[in-house]
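Two complexes come next, and they have one chain in common, subunit A, joined by subunit B in the first and subunit C in the second.
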Partner chain A sequence: MSTQFEMLDLLLVSPAIALFLASLIPLAIKVLRGNTESNSVATIMYGLVGVVTAMVLTLANYGIDKVAFQGALRFDGLSFWMQMVVLVVAAVTLILSRDNPATNNRLFSEYVFLLLNSLVGMMIVAWSNDLMSLFIGIETMSLCLYILIALSSEPRKSKEAAFKYFVLGSFASAIMLYGISFIYGTVGSTYIQDITQVSIQLMNTNRLFLFGVVLTILGLCFKVSVFPFHSWTPDVYQGAPTPLTAFMSTGVKAVSLAFFLRFIAMEVIVSERAILLMNALEWLAAFTILAGNIAAIMQDNLKRMLAYSSVAHSGYVMMGILAAGVGGESILGASGVVFYIVAYTIMTLGAFGILVLFEKRAESSLEVSDLSGLGARNPWAAACITIFMLSLAGIPPTVGFFGKLFIFSAAVKQGFFWLAVWGVIGSVISVYYYLRPIVTMYMQNDEGASVLQTKGLTRLAISVLAISVIVFGFIAESIYSTVTSDLASLFF
Partner chain B sequence: MLLSLLIFLPLVYALIVMALPARFSRPVSLALSGLHFVFSLVLLARFDVTTADLQFVEQMDWVKSFGISYFVGIDGISLWLVMLTTFLTPLTILGSWTAITDKVKGFHVAMLALEATMIGTFLAMDAVLFYVFFEASLIPMYFMIGIWGGARRIYATVKFFIYTMFGSLFMLVALIALMFMTQEMLGGQMSASILDFYKLEIPFVAGQFLNSQTLLFFAFALAFAIKVPMFPFHTWLPDAHVEAPTPGSVILAGVMLKMGTYGFMRLGLPLFPEAVEYWSWLFMLLAVVGIIYGALVAMVQPDIKKLVAYSSVSHMGYVVLGLFAFNAYGLTGGLYQMLNHGISTGALFLMVGMIYERTHSREISQYGGLAKAAPWYTILFVIVTMSSIAVPMTNGFIGEFLILLGGFEANPIFGAMAVLGVVLGASYMLWMVKRVFFGGEGEIVTKYKSAGLDLNIREAVVMAPLIVLIFWMGIFPNHFLRGSKASLEHLEKNMRTYELGIHNPSQKDQSEKYSMAEERGE
Partner chain C sequence: MPMTEAFLNVGLNHYLILSALLFTMGMIGVLMRKNVIVILMGIELMLNAVNLSFISFSSYSGNLNGQIMVFFVMTIAAAEAAVGLALAVAIYKRYKEINIRFFEQLRG
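Moving on, here comes the complex of A and B:
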């Protein structure tokens, strides 16, 4: 195999290169200044410069459909959207991290370095058109995250979270790698386009291929916290510093779900032999929705509640992914998934982000009851939380409603009628816990313990997100139709 | 533009109220909502009563790939419900002048936002737009009960929200399924327009539950049955009503419950004719059970407000009975009873609120002999009671009589059972009146007598239009019914093949406007 590559390939991956170079700046400055931390605003500025550069380069590549590095990476509509999502997530995370005592400590330059490199990993996952580059992307992303979580100034829970995430994450990666090796053994290639050509036929004839596919899907299920592989999520999300929780619950999930979509778009679950696999995935989606929502009801800690809610949201996206995987009008499912990821990212980022404002010390954690009386004390924060919660619950006319509408539509159209009903039941359950903070803020008058920090940048970012939740609801159509036309090339 | 203004102006009003200092909230929102009522009278005057088609239609693409549009229009079915909304809102704001003392600005913003979403629900002719307004109306009501409500307000408001949301999400799935059916019918392009839904022929198998028409019908029916609420989905209602502040109860009973019955008329009946015909016995049965059950439970309530709340269950049962009887009498009576219930139950809740403001008690046993202490209040209360128990000359009589006629025509047994409900209705209301207003002086009356229990001028002004309407609607029902006649006849005659056209206003020679009839003194 030749190892040459063209100039164009480098142009295509230029966002990642820009991010990597930007990530070196704060680290270099710190070394040159004799290991003293420089101003944290300057540090995140270097990061933001990298993110904005990457964004510009991504936009410059909009509308193409090309493969690079002999087909290992693919630059199409799906990867474009995921790049934009993770870049926005990274920009907000940088701002949140600066304003959070758990992350803004004497290792902040290293933190920014790792965050940007985790982002590079996410970009690779978003691009990957090859199971090996997927694995490299996932590992780059995850390894940086393990360290990032452990860097928190909070002494106990974050270390536990980092370790749990590391052990279970490695376990899942190993399972996935095992699966990939079976796929390689039966197909003779790890490239998606090679597997696609033979997948339906192999699925019917070769049990080892089926085995490989199942194991790879299990690994992906772990990454996107699908039931019953979700049990790490609440612990890790709660223990990690809040900005990183926002980063993981949106960025990691978005790219992993996107790859899941790419994998399922190979029509690996279309054939007759795969009926069982498809049914199993259907049940996993239904159980994910129920397990996430039911467990979230019982949580008093806001971060843990949102962690469980993010499990439930994975279930909704799984509905869309299944709808994209059964042939026919798969494009409905795929665009539903991408739209939902965009919607979910905005609202989850905002919901976790606003928690940062309540954290005065690294150990702070916010209970629902702490919010009481916030509606009178700080109308801005209460209004933002209300908007995010209503959107997460899928109440019109927020963007969350349209996300659910598109996903449910795809599911109904593709014949997953009962799955849609389960989704509906889950949504009803979710309304209960999404309303709890609103009830506490506006309807209970006693003074809660929550104190809002005055962090200008974070407030600005949250306000922008809250406004986007409403605005994106009204321009849902233009986003959705753009996504649909961008994704047309996903299905062969 | 007319209908869009009707929907969105209240939101503009809400923004104005939000921008002004709190001391202006009450007068400004009263003036603006009053103005809005006058504005809706313009609509009434320009409404063409001869046609069953949609009028003042506005259509604009919204989510084009799913065929969802911003599509509003009005016909005889929605006309009076819109008028009811714009009519009750200023009265409620005036009625709550002294009842709401906390967070006054927020309350009026919620009230005006609620008005916008309720009008939107009645005017939306796109199924998804309808769903959006239907759901969005929950949010202001949720805050209204939760912030300004009584002691158990949080339990009540969360129950109300989740219960309603539960039903309507099933409706959402059914809506999506219908949208894909239009795609097959229209050859590729999806549509969420209710007019396109009417053209669908949804496969139906009698005697089976698992066929598309039956399933879709029940998904819609669940949403509306919870909203109405029909027995056995009514349990949220007493909680919500008892805990809601007076204006919340008035709007909830007066308008929001009608969204359910309106939904049956707009979507449930015309979309699924075979399923409706096959399953109408079930709905009529539940309606009759609701009528009798509601009346019996109301009878034993120790709390006036709870009594009125259960009477709502009973009265809304009549509406459902009328609709599912599906003949000219039943439909007309059903629609009329929606308006009656809005006015008489709205008035009852207002009056209960007025006395509660003075005595802070709603326990029937603590009252007695109120007639002497508050004669004007008593007179008005008795008039409203008469309307509620359907005494001739009041609006309630026309509605219930038509429904009973329709009920007998459709099924004599259910008709007879509903008549039993009328008797029970009269007995619990009159018994309550007896215990509260007559007999020996109750402890609470003695305690507050010196402070003055009778109506003040503001309250008299609130009640006057309601009392006038009670008699007007009772004596001249045609003034109101002629607006809906064409639409109701159209619905009744074309049950199997119901379709709605869009009115073309250029054919002026045929049209007959509401204003003309009034000039003729009809």
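Moving on, here comes the complex of A and C:
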């Protein structure tokens, strides 16, 4: 068997190559200067140059549907949207990291290097059409993140968070890999297109294949923090430096959910034998929504509250993923999921990003009560927090409302009526804790934390995110129809 | 003698059962032990159990892809061990012992 690849394959993966090359620049400069840190603005500029180059290369490949490297990577609408999402996330994270005392320390060049390589891993996950490429992508992304979290200047919590994330992340990867080995053993290949051809038949005849699919789904559930595998999420998100929390809760989750969608879209769970698996996943989605929302009510720490809210949002996306896996009008579920991921990314990035503005020291942590009276002290920051919270709660006309609308209507049309009811109940619960910071900011007048005025770039990035939450809400319909036409090739 | 038959003719199932046993032992190690090094060993054991399962499937079906995957898994297991030990050093510097019972900063 010849193992050749064409020039086209290299062109298709050029965004990842560009990012890797750009990641080497800050590291090389640091070495050439005799291990002294250069100006942090220059360092993030090299990173941003790489991200923008990758974005241009991604846009140049828009609208194609091709596979590269003998079918191991796939470039279609889903991977295009995920690429754009993670690139935007990375650009914002670079800006936030420079303005955060926990991340901008004497190892900032190494930090940018690892961040961009983690991004390369994310791109591989977004492209992967092969379970082995998926595993390698996930590990590239996670190994960089474990070190990034431990690099924080904060000495205790970040180490604990890094180790918890490391143990549970590796544990989940091992379980997923064990599942992949059974899928390989029964199908004889790990490519999605080969598995799709035999999945329905094997599902009904082969227990080993069923076992493999269940273990792979378990591993993916760990990665996207679905109940009961969500317990690491609040600890890790709270202990990690805030820019990295924003990066993990949006980028890592977006690509993992996108692969989950690709895996479920093979329709592995529609056969008769898998009915139990299907029911279990429905219950997990419902419990994820409830567990995330109920636990978030009891939190006083803002970062921990947003971490639980991100668990709840995984539950909403799971609903859409299930709607995409049962055949019929699967495209509704799939485009609902992609739209929701885009919406969730913008608002969560903003909500975590604005916390960076309050952090004066590496050890700072922000309670809800610290926000009291912020509406009078700093109207701009209060307005931004209000916009992000309302969008996370799903109040129209923000983008969060349309995300929930598309997911719930897809669930109802695909026959998950009761699941949509749970989703609505969860959203109603969530309004309580999303409105609490807003009430504290405008109705109470105590002295609390104030925004640091020095962080200009971060303020600019957050303003852009806040405006796009509103603007994307107004053009939601046209974005949704674009996503729907881009995703048509996912189902065949 | 049916009993000796099962031990004399070693087939795919034997390897899969061994791999499942190793995987379970690794899993128990990760979940039950408090020492960071033992947890790392548990993760390595889990990954190597997967390697065994890949190789036995590959060998019994005559499909070489599985053996190539083992190389990828070994590479990643090595990288993971490096990162895990680096974290263990960072924890040791802070707490002067490598045990997860000190991890009580984050809860609630």
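A few comments on the model shown:
Quick note on the criterion: the second predicted complex is superposed on the first by the 486 of 492 C-alpha atoms of A that agree within 3 Å, B and C clash if a C-alpha of one lies under 4 Å from a C-alpha of the other, contacts with A are read in each partner's own complex, and residues count from 1 in each chain.
Note that in this section a contact is a pair of C-beta atoms (placed from the backbone, for glycine too) under 8 Å apart; a residue touches a chain by one contact, two chains touch by 3 or more.
These figures come from a predicted structure and were not determined experimentally.
Of the two partner chains placed around the shared chain by superposition, subunit B is the only one that A:428 touches, whereas subunit C remains out of contact.
Shared-chain residue A:279: touches no atom of subunit B or subunit C. By the touch criterion defined above, A:239 reaches subunit C but does not reach subunit B. Of the two partner chains placed around the shared chain by superposition, subunit C is the only one that A:304 touches, whereas subunit B remains out of contact.
In the superposed pair of complexes, A:184 makes contact with subunit C only, with no contact to subunit B. Contact with subunit C, but none with subunit B, is seen for A:160 once the two complexes are overlaid on the shared chain. Within the superposed three-chain model, A:39 lies out of touch with both subunit B and subunit C [touch as defined at top]. In the superposed three-chain model, the partner touching more residues of subunit A is C, compared with the other of subunit B and subunit C.
Once the two complexes are laid over each other on the shared chain, residue contacts for A:204 go to neither subunit B nor subunit C. In the superposition on chain A, A:174 makes contact with subunit C only, not with subunit B.
Once the two complexes are overlaid on chain A, none of the subunit A residues touched by subunit B in the first is touched by subunit C in the second. Those residues of subunit B whose C-beta lies close enough to touch subunit A in the complex are 61-66, 68, 103, 128, 131-132, 135-136, 138-139, 142-143, 146-147, 153-154, 157-158, 161-162, 165-166, 169-170, 172-173, 176-177, 179-180.
Residue ranges of subunit A in contact with subunit B, taken from their complex: 376, 390, 395-397, 401-402, 405-406, 408-409, 412-413, 417, 420-421, 424, 427-428, 431-432, 435, 439, 442-444, 476-477, 480-481, 484.
Touching subunit A in their complex are the following residues of subunit C: 23, 26-27, 30, 36, 39, 43, 46-47, 49-50, 53-54, 57, 61, 63, 65-66, 69, 72-73, 76, 79-80, 83-84, 86-87, 90-91, 94, 100, 103, 105-108. By the touch criterion stated above, subunit A contacts subunit C in their complex at residues 132, 135-136, 139, 143, 146-147, 150, 155-157, 159-164, 166-167, 170-171, 174-175, 177-178, 181-182, 184-185, 188-190, 234-235, 238-239, 298-299, 301, 304.
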